[in-house]
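Labels run A, B, C and D following the written order; every chain starts at residue 1.
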């Protein structure tokens, strides 16, 4: 695994827990942790339970005792590491967004396709797909319970930089992060909306906003936190990204990703309206899926609060009895389970790099549209 | 109508509106308002839209131009006025609780039975029965959608005297109010629980609490509000009433009525669990009934938030389109509609005085049980 | 009053109730009801409580016993009636949207300005402004509790034509209704968003959708309901309207109005995020306003569910004790109170026709933008 | 660890994860797993990550490589194992309820007191105390934010045997389980209510109900599930337990534990009303604590939905960023952290066995009261 910040901790817990609750066809061993600084990487390896560590990711991806490279670094390094790992014949799990540009993502897809020819697998980490309520939503749409989808409403609301004095982190610098709310959190709701509907966005009209253009420099730039200093730097990414969309199948989409929604902490909200029913989800109440069945008589119809903790729900049987909810990290465990299973079975894990590229193309179209102030097609 | 405080305003709006939205077989005329003080009664009559007024309720109940007497006074006067009115051949609508004691209530039932022999009708004002969501709940239970009822959970939570410096009103004096939270608001949840289940409480174990035993005297004692004075008086009623219950049909009941539930303003909460389903209601969100259908597959089962604003819902067709909710006063309008209809059709309105007496018997059993610290039977 | 369908009933209840709960400086008399068909109009007048009726609105607006004309007809007739009434020296209350086009609305504003010179008042019926929770929201924003507004999220979700077999009503015909969801319900959320923020929309990027292009003809075309016939007609308005917006003050807006949100009945949802706090509202729970105070310590900060039923809340003191909620129609009563008060005091009621015109300009810009597929400025 | 069913899996995940997220002063090693059947125990040890296994718990508690014994077996074995372990000088973590009777619990407390003299620690596993929202509730009460507590409302609602054909498990047999809903889930809400308020229950009036008296025998009796057989057996425990309570400090308590609340899966609901504020919690939305501050002005007061995911909240800083919720199992991890810390620091972990005994005394008083149909004192 390369990277040991927030994502590194989540992925480590996943690798550690997957085999304890699920029956895995292979037994993952947490072999080598990669980082930049030896002392900090060694401490992280000890803490997170990795057997060894490396400060040069190039060495890590070439080691014989490594079969799978899990990339948890900032977006500007994804392409280089992933391509090297795939070329070295290692399976790859790469955090989202796949890359910082469409061009990089295209290269990665080519590398993944070449590797696939030798049975090497590549997956991109849109982990929210594996929250049980989301997986149930997809299943219900696939079963036709919503009929024709007319509306897709998607929001990803956070507030961690609503304070203008919150310091500049690498996530606010274009050269490291690629974009701001758009790529960091907007990518998730684009992926979820397309995944659940089984449809693709055809065109968009976008609006990117940077409310606070200058911020105090952080003492250090790793991660979300840091101490403010007197010096100030430019915010070079969007604070919020909004866009209208048309899906290929005719649904009208409306998307909003922001880090300025005061009081909303990690509100991934999805709502789908179809001719036969509707679904609604909010990650701040992540074990619940709301469902309206339009075929019920009016007298007793209403949005049902499905507590997604039954053994019949996706992934849940491996865990606790009904009503004993799961948390954020469980999505990562399910991702690890599905990836290991795909590798063992010789199938392609989803979402693959091509799906990551398609999300990247939507992100790109939103940026172009925001610049040209016109609707923009997403290449198929 | 006798009385022109809070209940008088609500009843006046009901008489004024009933015929505007519903097709009534008779046209109610708001003839005479009764009060104690001429100037204030006349002002109230003008404000509320009554044609005439009286300061002696005995004259009012005997007037030829009065067919129906609507009693909105404190509980200690109900028996006397209602009996006089029934003896004078007037239909009676009497606010709840029917009386301040079982003995008074029994007398009233006798008077009502005697009057019924001449086609004179008597109704007690348990108005919450006519909130559409409550009426729907009763219908669903009657249809068997809940199966055998095992649990009845009922709370009536207010906080208007949680502050120990809130002044002493007539509602806190035993000789005027009969009891405190028990009779004022506990009576409502007893009636609702029995009404919705169609079952009666067989025995109870009660607990009455007076948290604040002395309060500043109010400058005036009419109604809920008033200015505090330096003098203090004894609180002679309960601040909160809690009791366990067994229903004749075997359900386990748990009841709580309090004026000390800080932050709860008028939370009438009901929850029923049966072998086939459950219902939940909270008056603070009064246009909603929650329903769990246990015969749904686990995968999609969940409490449904039924927005009780469809034309198929009780009383709703007379009002607005779906989603345009009703308010507190509409229950009074529905009560007026049902009473006028019963009078015109020559049938007994519900709840009649006998139902009011039965609630009074439960209230009495809770008081006895609280004194004896033992379970107490409710006479059938 | 001209018109006696859904809006006519709501306005009648307002005129009937206003003086019973509020102290009005003038006493409104429900004099003449206007309609097209004599028998139906007379029946409606009797039912709704109007003293007289007319089938020619021109006669109605000229009657000496009429001081104020309340226009509750479809949008294509607003301009003609309102202008005639104003020229006849009658105060006017006109249902929203003010007109079916910007040009008509401009004419109406000119007529209102001319009339204002003689003390004649004109108001447009954006009644939701007077829901207590909305009025409280505006007050809180005006007090600075939200700081700088960054995000305005507004949805008006209904589902009454989600069924493709729902019949064609006049509301789905462009020549009568002007537009579909955009003007009918989108106008409300535009007005509310601008009213609460005290800011105006500067530019928009719009998307209009008609999901079902052809529907069975209704047996009759008055109102929302009707019986389907075998013949089919074209839907000539939008089923849903979505748009992005920039406010003059810098906030990013996102708007959606639809009649295809299966399971949502009258969900007017507003959410504002500012530098100091946030507000959220949903009309399906209309007595509640949610408020997040960003200046609270993290430990205890959270969205508060303010039950807007306290005497200190706008309009509430005239009604019931805390926790006893109001319903849909109360906004109309408050509108009547404010209009009568403004007339008596010789001030301009709000929203006046100029505000109605400004909303019309936003509606117009959304339509242009949807056609040109580009951002469109709203004239100041 | 002894026992490897539901609780065994939860405890194993706790031991596995504690040191990965928290800085522990000692490094727990998952040494030996105890079970009855060698094959099944060995398989469980492999699955759950224990190094060795034993089928005789007496050997396990005497092994030199065991420092702490974690007891996850049914209640009828707790006393014997715990006392043996304490006598062997091993620290003990014992699942709740502490024992199946007050007499057993008293013996266990004596053993714990004797062991404490040699620095050996004993803890009882009321794990819900360590859900962050619950820990926050206790902190807020301790800080005086609620003022004098007047009401404690506690419910533990499940529905796993609402179906009369659900099979008989060991949890429904008095000789193994001691009691039914009362001891299994009622014990949790008694502990939580006393823990959060920092007060003890002084007296109770109880009601035990067995709705379904006979059930099909399960093919096997371990755990909650099993296959029904044709034979039937007696249910010898309560299906539901309800009781009224008075706390020593004067609060009125109302408690309900049931396995028949159709649609409620693991609804631990707590509500406290005090003179200065209120709190409400529901485990089905476990990352939220609702708080009403009575010192807010009425205009903006309301129950706040505190998302208990901030670094300032108990235990949260070790986990994920705000808005990324925890799940059921995290309470067990926090329990492990606190126990290891107490052992290392030489302090008594809470809750100790004496607290477990006090809960047992409340359980006992409820049973006596239910039999005698009178209020019953809880020994101090």
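In this text, a residue touches a chain if its C-beta (ideal position, glycine included) is under 8 Å from a C-beta of that chain, and two chains touch if they have at least 3 such contacts.
Model, not experiment: these values are computed from the prediction.
Chemist: With centres defined as the mean of C-alpha atoms, identify the chain lying farthest from subunit A.
Modeler: Comparing chain centres, B lies farthest from subunit A.
Chemist: Return the chain pair with more inter-chain C-beta contacts, choosing between A-D and B-D.
Modeler: Taking the two pairs in turn, the one with more contacts turns out to be B-D.
Chemist: Using Cα averages as centroids, what's the distance between subunit A and subunit B in whole Å?
Modeler: 54
Chemist: So how far apart, in whole Å, are subunit A and subunit D when each is placed at the average of its C-alpha atoms?
Modeler: It comes to 36 Å between the two C-alpha centres.
Chemist: Give, as an integer number of Å, the spacing between the C-alpha centres of subunit D and subunit B.
Modeler: Taking the mean C-alpha position of each chain, the two centres sit 41 Å apart.
Chemist: Pull out every residue in subunit B that's touching 2 or more other chains.
Modeler: Within subunit B, the residues that touch at least two other chains are 264, 301-303, 307.
Chemist: Considering the complex alone, what residue numbers of subunit A touch subunit B?
Modeler: 136, 140, 290-291, 293, 297-307, 310-313
Chemist: State the interface residues of subunit B toward subunit C in the complex, per the touch definition above.
Modeler: Touch residues, subunit B against subunit C: 6, 9-10, 12-13, 16-17, 20-21, 47-49, 158, 160, 224, 264-267, 283-288, 307, 309, 320-330.
Chemist: Subunit A touches which residues of subunit C in the complex?
Modeler: Result: residues 150-151, 153, 155, 159, 162-164, 205, 207, 209, 211, 240, 242-244, 246, 250, 252, 254, 256, 258, 260-264, 273-278, 292, 294, 301-303, 373-375 of subunit C touch subunit A.
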